[in-house]
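Dropping a structure here in C-alpha cells format, bear with me for questions.
Chain naming follows the written order as A, B, C and D, and within any one chain the residues start at number 1.
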Amino acid sequence: MSKFLELKRECYEANMQLPEYGLVIFTFGNVSAVDRKEGVFAIKPSGVDYSILKPEDIVIVDYDNNIVEGSMRPSSDTKTHAFLYKEWEEIGGITHTHSTYAVSWAQAQMDIPIFGTTHADYLTTDIPCAPPMSDELIKGNYEHMTGQQILDCFQEKGISHKEVEMILLGNHGPFTWGKTAAKSVFNSKLLEELAKMAYLTRQINPQAPRLKDALIDKHWQRKHGKDAYYGQS
Amino acid sequence: MSKFLELKRECYEANMQLPEYGLVIFTFGNVSAVDRKEGVFAIKPSGVDYSILKPEDIVIVDYDNNIVEGSMRPSSDTKTHAFLYKEWEEIGGITHTHSTYAVSWAQAQMDIPIFGTTHADYLTTDIPCAPPMSDELIKGNYEHMTGQQILDCFQEKGISHKEVEMILLGNHGPFTWGKTAAKSVFNSKLLEELAKMAYLTRQINPQAPRLKDALIDKHWQRKHGKDAYYGQS
Amino acid sequence: MSKFLELKRECYEANMQLPEYGLVIFTFGNVSAVDRKEGVFAIKPSGVDYSILKPEDIVIVDYDNNIVEGSMRPSSDTKTHAFLYKEWEEIGGITHTHSTYAVSWAQAQMDIPIFGTTHADYLTTDIPCAPPMSDELIKGNYEHMTGQQILDCFQEKGISHKEVEMILLGNHGPFTWGKTAAKSVFNSKLLEELAKMAYLTRQINPQAPRLKDALIDKHWQRKHGKDAYYGQS
Amino acid sequence: MSKFLELKRECYEANMQLPEYGLVIFTFGNVSAVDRKEGVFAIKPSGVDYSILKPEDIVIVDYDNNIVEGSMRPSSDTKTHAFLYKEWEEIGGITHTHSTYAVSWAQAQMDIPIFGTTHADYLTTDIPCAPPMSDELIKGNYEHMTGQQILDCFQEKGISHKEVEMILLGNHGPFTWGKTAAKSVFNSKLLEELAKMAYLTRQINPQAPRLKDALIDKHWQRKHGKDAYYGQS
C-alpha cells in the first residue's frame, strides 16, 4: 500500500476546491502538496477533468521531476512546482489557475495596485506581475525557467515570498502558494477577488489612489502582527 | 441555560444570509444584533468560516466591548459595532461586508450617485463615502474611531442615520444598519445592487444625470411617507 | 370557490419565473395576467417576497383599479398595468422588473441600439427609453401617468406595441408585455440579455455600427414573417 | 428501429451541455453531429427549449438539407451546418450559440486578439470575425451563404479550419467545430472564456500587446506539437 495516501488525499481535495470556487473551467489549473520529510510532492495529472479526477490519479514527484509513484503523466507545469519547492523550503502547497480576472491583469502586464483594506488584510504590496520571459528561455527548459522567472521578479522588486504568496506571470496567469495546499488555493481565490475589485475600482475612478501606508500597516498588523487580534488564537 | 439563546439565533441567521446573498467569501463579513433591554449585542466570532459557524459560537458583548458570554473572540470590528449601538439608540442590527461593487466604490473614494428609482425607493441621497481616517487616528483605537468616522461623515453631510442606513468607508468597504439584524443584511444586499447599477450606468453614459427631485420624492413617499401604499400594512 | 383559480395560477407561475431567471432580488418586480372575457387581471400583491408567495395571494383587479377578489393590497404599479390593458386589447400579460442591465440603460437615459441578430430575431428597432415624466405629472396620478408615458413614447417614435413588446422608463426600469404573462416574462429576460450584450459591445467598440437593414429584415422575417421557418409550426 | 439512435444520442448530449455551460438561454443555440459513413448529420430541432428536448426529437439531415429521419423541423441554421460538413471532411460536429461575450465581439465587428497563453494553448492566431454579408446574399439563400461567408473569411485570412476551430460572424455570433460534437461544444465554451478575458484585458490596458511569437509557439507546441507533453497519451 502507498505511503503517500494521505498526501494524495490532501492534494486531491485542494484540487477539487478549484471548480468549487469558480477558479477553473475544464482542466485549466493544478494544485500540488509537498511532503518535506519524504522530499516529494503530490500533483494533479495532466489534462484530467475535475469531474472524473480521483485521489488515486494524483502523481508523486520529487524535486528533480522524477516520478516516484503514479501511472499518469503529471501536470505539464510540474517543473515549475518542483523548482519552487526546491528554492522555498517554507512552502507546503502551490496552485496555478487561469482564473478570469487574474489572467486579464496578467495579459494587461500590470501589477495589481493595493487599493483597499481587503488587500492589506493579506499583503502589504501591489501584487507583482512578472514581465514575459525572454525568447531564448522560452525555447529552452520553459517550465523550469518559469520558476526562475518568479524568483527573479521577487528579487528585483525586493519582496519576500513569505509575505507575498502570489504572482502574475505576464501573458500567462497566476501562481500562488502557502503553508499548505489548501492555503495556496485560498490565495488563488483571494487573488481573483482582489483582481476583480481592482479592475472595478479603476473603471469607476481611473485616478483612484493606492491605499496609504498607515492603513496598509494597520490592517496587516491586526491580522498578522505580533499583537494580532483577528481570528481565534 | 443562556438567556441570550434567541438573540444568538437571530444573529446567527442574519450572518448566514451573507453567503446566501453572495455578499461574502471566506470570513469577509459580520452581522450583529442588539438586545436594548439587556444593553448587549450578539456578534459573529472572528475569523470563523460561514460553513462551520454555529449559533452557540455567537459572542455576547456590551456597549463598552466587554465580553458578557461566549468562549470565542468576537469579530475584530466589534468596537465599531459597539460605538454605533451606543450612539444610535434606534438601530437593532449592523452588517459589515467586503462585497465586490460596494468595496470598489469605497476604493474609488466616491459617493454612489442616486441615479434611479430603485435607489429612491429606499433613500433620498447619494450613498455617502467617508474619507479615509487620519494617520493619527488609524494608529490609535482604530475600530472605535471607525465608528467616529461614520458619525462625522453623517454630520458633515447633514444626513440622518435614520433615513440613510448605509455608508462606504473610503478604501475599506460598507457598513449598513437597520431596525433589526435582518434589515441591516437587506440593506447590504440593496447597497451592493445599487453599487452595481450605478457602476454600469456611468459606464454606459458618463454624463448620466442624478435622479430629479420630483422622482426622488415620489418614490420615497410611496414607500415610506405617511400615505405610503407599498407593501402590506 | 373562486372562478379565477386558473388565472391566479398563471399569474403566480409567471411571477415565480422572475427569481428563477435572475431578474429580481427581494420584491423588485411584478407580473400580471389578464382575463379578457371577464375584464379583469391578476397581479402580484405588493411587497410580498417571492420565497413566500402563494397562488392564493394573487389579487384580481379590473381595468379601473378596483379590487375584484383578494385580501391583499395589489402591486403599487397596478395602475400602470390597468392603463395598458385598457389601451392595448391585444396583450395578455405585463411584466415589470428592476433587472440590472435594463435598469442601467434606463438610468443612462438611452435607447438600446440594435447591434445584432439576437436583437433582430425579436424586434426591428432600438429598444426605446422614455424620457422621465414632467414634475407635474409625477406629483399627480403617478402610476396611471406611467402608462400614459409609455403610450406617448411609442407614439412619438412611431412604433407599435404589437411589434416592440418592451420599453425602458428613464431613471426607472423596464416594462415588457406579450400575448400571455409567460411571454411578457420571456421578453423581460430577452431584454436583460440584449441590454448586457449592447453594453459590452459599446465597451469593446464605442463606434460599433447598428445592424444594417438587410440583416434586420432577414432575421425578423425568418422568425415572424409570413414564410417564417423558425420553430415548429 | 432507427439506425441513427447512437448519432441522435451523441447530438442530444452535446446540445444539453450548452445550458449546463451557461452558453445559451431559451433556444439560442444548436449542435450537430455527423455520421460520415452514412453521409448524414443529426441536429437540434428548431425552437425547442432545452428543458424539454429529448433524444428522439433530434432530426437527421443529409448534406443537401433533405430530412432523412425525424418528424420535427430542423434548426433554422441547418443549411450552414450542411454547407460546412460538405466542404470540410475532417470535422465531426458543429456548434452555434449566442453566448454573451462572443456575440459582443461579433457585434463590435472585431477579431479577438491573442493576448495570452490560455488562447495559445488552443490556437495560434486571433479569433477571426467575418465582415457582415452583402445585402444581395442576405436576401438570397441566407443560411447557405453563411457557410460560404465562413469559408471566404478563412481563405482571405489564410488560416485553416483544422487549426482554428472557431469564428465570429459579424453582427451575429459564433460558430465552432471539431472532430466530434462534444469537441465543438468545448470550443464554444473556450471561445466564450477567451472573449471575456480579452474584453477585460483591453479594459485594464487599452495598449495591451498581443502575445509574442515565442510564447504562441511554445504553448501550442506543448499541447499539439509532435513532442506534446500535455494530457495523457
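As a working rule, a contact is a pair of C-beta atoms (placed from the backbone, for glycine too) under 8 Å apart; a residue touches a chain by one contact, two chains touch by 3 or more.
Quick caveat: nothing in here was measured; it's all calculated off a predicted structure.
Between chain B and chain D, the least number of touch steps comes to 2. Relative to chain D, the most remote chain by averaged C-alpha coordinates is B.
For the self-contact between chain A and chain D, the two sides draw on mostly distinct residue numbers; the shared fraction is below half. Between chain B and chain C, the centres computed from C-alpha atoms are 33 Å apart. With each centre defined as the average position of its C-alpha atoms, the distance from chain A to chain C rounds to 47 Å. Residues of chain C found to touch two or more other chains are 203. Across the interface of their complex, chain C is touched by residues 25-26, 28, 45-48, 72-73, 76, 98, 100-101, 103-110, 132-133, 135, 138-139, 142, 171-173, 199, 202-203 of chain D. Within the complex formed with chain B, the residues of chain A that make contact are 115-118, 186, 189-190, 193, 196-198, 200-201, 203-205, 208-209, 211-212, 214-215, 218, 222-223, 229-233.
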